[in-house]
Amino acid sequence: MQRKAIFGGRALPYALLLPQLAVTLVFFFWPAGMALYQSVLREDPFGLAAEFVWFENFAEVLSDPGYLQSLRTTAVFAASVTLLSLSAGLFLAVQADKVRRGAGLYRTLLIWPYAVAPAVAAVLWLFLFHPEIGLLGRALNAAGIPWDYRLNGGQAMALVVLAASWKQVSYNFLFFLAGLHAIPASVLEAAAIDGAKPVRRFWTVVFPLLSPTTFFLLVVNLVYAFFDTFGVIHALTRGGPGNATETLIYRVYVDGVDNLDLGGSAAQSVILMAIVVALTAIQFRYIERRVHY
Amino acid sequence: MPEAPAPAPAAASRRSRPPRDWNPIHRVSWRTHLWLLLGVAVFCLPVWITLVGSTHDASTIGRGDVPLLPGAQGPENYRVAWLEGGGRFRTTPAWLMLRNSIVMAVLIAAGKIAISLLSAFAVVFFRFPGRMLAFWMIFVTLMLPVEVRIIPTFQVMVSLGLVNTMAGLTIPLIASATATLLFRQFFLTIPDELVEAAKLDGAGPLRFLRDVVLPLSRTNIAALFVILFLYGWNQYLWPLLVVNDQSLQTVVLGLARMIGNGDSQNEWNTIMATAVLSLLPPVAVVVLMQRWFVRGLTETEK
Amino acid sequence: MPRRPANALPLARRAVLAAAPALLATPSIGRAQAAPVELHFWHGLPQPLGGLLEAMVAAYNDSQRGVRIVPSFRGSYPETMVAAIAAFRAGTAPHIVQMFEVGTATMMAAGRAVIPVHELLERTGTRIDFSDFLPAVRGYYQTADGKQASMPFNSSTSVMFWNKDHFRQAGLDPEKPPTTYAELEAAMRRLKAANTGAVPFTTSWPTWLNIEQVSALHDIPLATLANGFAGLGAELRIDNPLIRRHLENLVRWQSEGLYRYGGRDNAADALLPAGQASIVLASSGLRARVEKEARFAWGEGMLPYYDDVPGAPINSIIGGASFWVMQGGPRNTRSEAEMRGIAEFFRHISQPAAQAKWHTDTGYLPLTRAAFEQVKASGFYERNPGAQVPIEQLLRGGRMTDNSRGIRLGGFVEIRVIMQEELERALQGQQPVAQALANATTRGNQVLRNFERQNRA
């Protein structure tokens, strides 16, 4: 799409673009290039000596069972967060869509968690599930279930999934609710006249109509689980116990910062970039479709 | 006033249309309300526990006698949290962390909006060599969230001497493809007649920007601001790396630090008071500016 | 924080150098004669210890005029280390940085980024008598040929704390703690049978206590090449019968309800003052907290050992941190005045008076025998029974060996995490101890080889 009416001017458009381009060049292209460059180097932390090692860092990362493990951990984590927050968001949206009175109030009460930072959400859930001071953590232990997310990998994963999903439920709720509102009443009435039961009607009529929203949310939630949940893991488990909650992003951080392995961390960054490019490509194909929808 | 061509769900959510049941035969059952209230309760439970905990003394919480009703220590806990900080890593009082967070969030939101507005304006209202190249350079930044290239970006900051500065905390986060795309999309809907009229009046591009484009963009700017404020407020990994000067500590990170490794002997009362304080600004923004929030959320799609 | 943009941009550095040499002039420190030399000092001690350290610095600032030390807390030890390294690359490194003991190898391999303490003293003509320092303390921070690389400071070792009330309930002599693991196991069974409501035994700092200290006490190598002191080519030797036996004991005790794994790092510390564990092996630094929080009678004693290992026990190793002197950046070296100021500060903190105060205020070890004697003469240990245990334990056996001097392994922070992870899997029953030790050895050696390659230049 192009405009017909435009302004003249030679220097002005460049001047207007300058701030955005400068920030993009310095804080995007430069670091991205640096990641590529460092991924083929082996460097001491103080930057006093560097050796060119070709693709050795990549070979090392990809053959490290720990890395493959954290790839699996990330997949489990992202799938769980997405599934949990999508289903909870959809369920609440379906309920809220039926409500006439108090709909606005319910909406307010159900969307505020979106404002909570993932790390703060983690802290709030820690207050509940801490084995010694948490209401639910103590209740579980009192009931004879040995609950300590600091020692048990499965429990740690459950807790980070819960804390990470919490705020995302609000986001999904909002989009599903909007999606439900957009379904024409006539479609629903026609389905009702067919005499199908409400539950069946939902899965055969409503849910397919929501599929563009669902697919969009699927991508958004996956991206969230991959990249925005560092704070949850850092605040709650630091990747442990064992490596039970070490996701790819967390590993980039640990190797680059705690372990001072710049080459290995850069190689992981490059691999992650490839993953994001793939995810974004999927997202854009979808957005294009949705514009026509 | 021209509206941005919003995605279908967003458009629908703004229309105030009576909600309905797709089961028009029955009235709304009590079960629906029950489920919704349960959802609300699950959302509020951790906050309620935190709020209650922030009004008791440390040993009550440390012993594990989890109270369900508020105690009497509230004013003292909040005073300590506000003025002194808490936890064994006590270093930064909450007022300073909150101020840092607010400054950071506002700078990020305002910076993103300002530079995106200008660049979108340039791309839409001018023809010049390299226009598409510039647009694609901005566009491609969508692909790499800062988390992915975090270590090299940190090293760039080190090289520029921006570590431990407010500039270092904010500037790398203000490049925004989403905001640029949104403004571009919106600017494309501004009728050509307005541009022609401005030209006839002898108005230059900057006056057109100030007198026509900015007023028309008010709602978009407001909606974006809410979303970007939350984005800035919620930053964690970047401040963790780039700031270790306690006077620049932000509240989200500072709160997580207070907890350390989750020792049961922590000063939980002060930590909980700080948690409540850290929740207030962003939640207030969402609740009070709900209209803009919903609009911003559905239109930016992150 | 002072910014020196002149030293920016490592990638573009050469270009900047060529284009604008004037920009690179470092701000000169030598202003008017009267102005004190300002020295930046980054530390990683949280409150209340950090406050005591800063008070010590403030007292030094007040005591003289030539130097002003500016302390600043930079987060946990690993965070302080990362911050200092980043600052060095940017040319804004602090003059002095506190670095935990496991970061020693990284700093020692840093080449011209640090000024070794022996060199600092030589160049400034300052004298500090390291021969009076406790051998286990100074040895940890020395090169293989006995030169002091960094200034030892807050040092602790690990000891045993026990709950005397629980001992009484179990019919054990509260004044006679177990000294060997055989006695410890017997005591655990009595404690369990007495239903004290607490777990009989736990260990804080899982790998420090159960791998590093067990190796040192029994004079068994943790790694080849004198635990890494003799070179970067060291390999882990933790997969040995003694460590396997000890960890298998832990797993067995855990299954019998005698032992509880209390979490990473010092998470288990809390169990003792809370009365949730009867015997806790932890850092001697836990003492201050136990004094403050425990509402029961307790004691502090030496670490238990396996008495069927010939020659055992000898001294334990230390934990804690030392002070490193850093250059400002790759092309930003320290002036004579700055170096003299740092050396003087180090001399001051090694004096018996300063050491005695630090020791009695914080519970960290005194660095020197002179300080120990001074505190002893003041009657402090009579008033605080058990407070001398860590020092006695560091001198136990009277013969420090290559296995009990300390650990000098590159990337040891990461290796500790690896050992912790494998140990956790063994305790969760996901793998046998032998497998855990084999995995930890393989993974740890990979870290060592990476470090060797990074630092070969």
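Some points to look at:
By letter and in written order, the chains are A, B and C; residue numbering begins at 1 in each of them.
Everything that follows uses one rule, which is that a contact is a pair of C-beta atoms (placed from the backbone, for glycine too) under 8 Å apart; a residue touches a chain by one contact, two chains touch by 3 or more.
The model shown is predicted, which means the values in this text are computed figures rather than measured ones.
Of all chains, C has its CA centroid at the greatest distance from the CA centroid of chain A. Chain pair with the highest count of contacting C-beta pairs: A-B.
Averaged C-alpha coordinates give centres for chain B and chain C that are 41 Å from one another.
Between chain A and chain B the centroid-to-centroid distance comes to 16 Å (mean Cα coordinates, whole Å).
Across the assembly, chain A contributes residues 34, 132, 150, 238, 257 that each touch 2 or more other chains. Residue positions of chain B touching 2 or more other chains: 62, 154-155, 160, 261-262, 264. Counting partner chains per residue, chain C has residues 10-11, 89, 263-264, 267, 270, 274 touching two or more of them. Residues 1, 3-5, 7-11, 46-47, 72-75, 79-80, 83, 86-87, 89-92, 263-267, 269-270, 273-274, 289, 293 of chain C are the ones touching chain B in the complex.
Residue ranges on chain A touching chain B, taken from their complex, read 1, 3-7, 9-10, 12-14, 16-17, 19-21, 23-32, 34-35, 38, 88, 91-92, 95-100, 103, 106-120, 122-128, 130, 132-135, 138, 150, 166, 169-171, 174-175, 177-179, 181-183, 185, 188-189, 191-192, 198, 201-202, 205-206, 212-213, 216, 220, 223-224, 227-228, 230-231, 234-235, 238, 249, 252-253, 256-257, 262, 265-266, 269, 272-273, 276-277, 280, 290, 293.
Within the complex formed with chain C, the residues of chain A that make contact are 34, 42-49, 51, 66, 132, 148, 150-153, 238, 240-243, 257-261, 264.
Only residues 62, 88-91, 154-155, 158-161, 163-165, 244-246, 257, 261-265 of chain B touch chain C when the two sit together in their complex.
Contact residues on chain B toward chain A in their complex (touch as defined above): 7-13, 15, 17-25, 28, 32-33, 35-36, 39-40, 43-47, 49-50, 53, 61-62, 64, 66, 68, 114-116, 118-119, 121-128, 131, 134, 137-138, 141-145, 147-156, 160, 171-172, 174-175, 180, 188, 192-193, 195-196, 199, 204-206, 208, 230, 233-234, 236-237, 240-241, 252-253, 255-256, 259, 261-262, 264, 268, 271-272, 275, 278-279, 282-283, 285-287, 290, 293-294, 297-298, 301-302.
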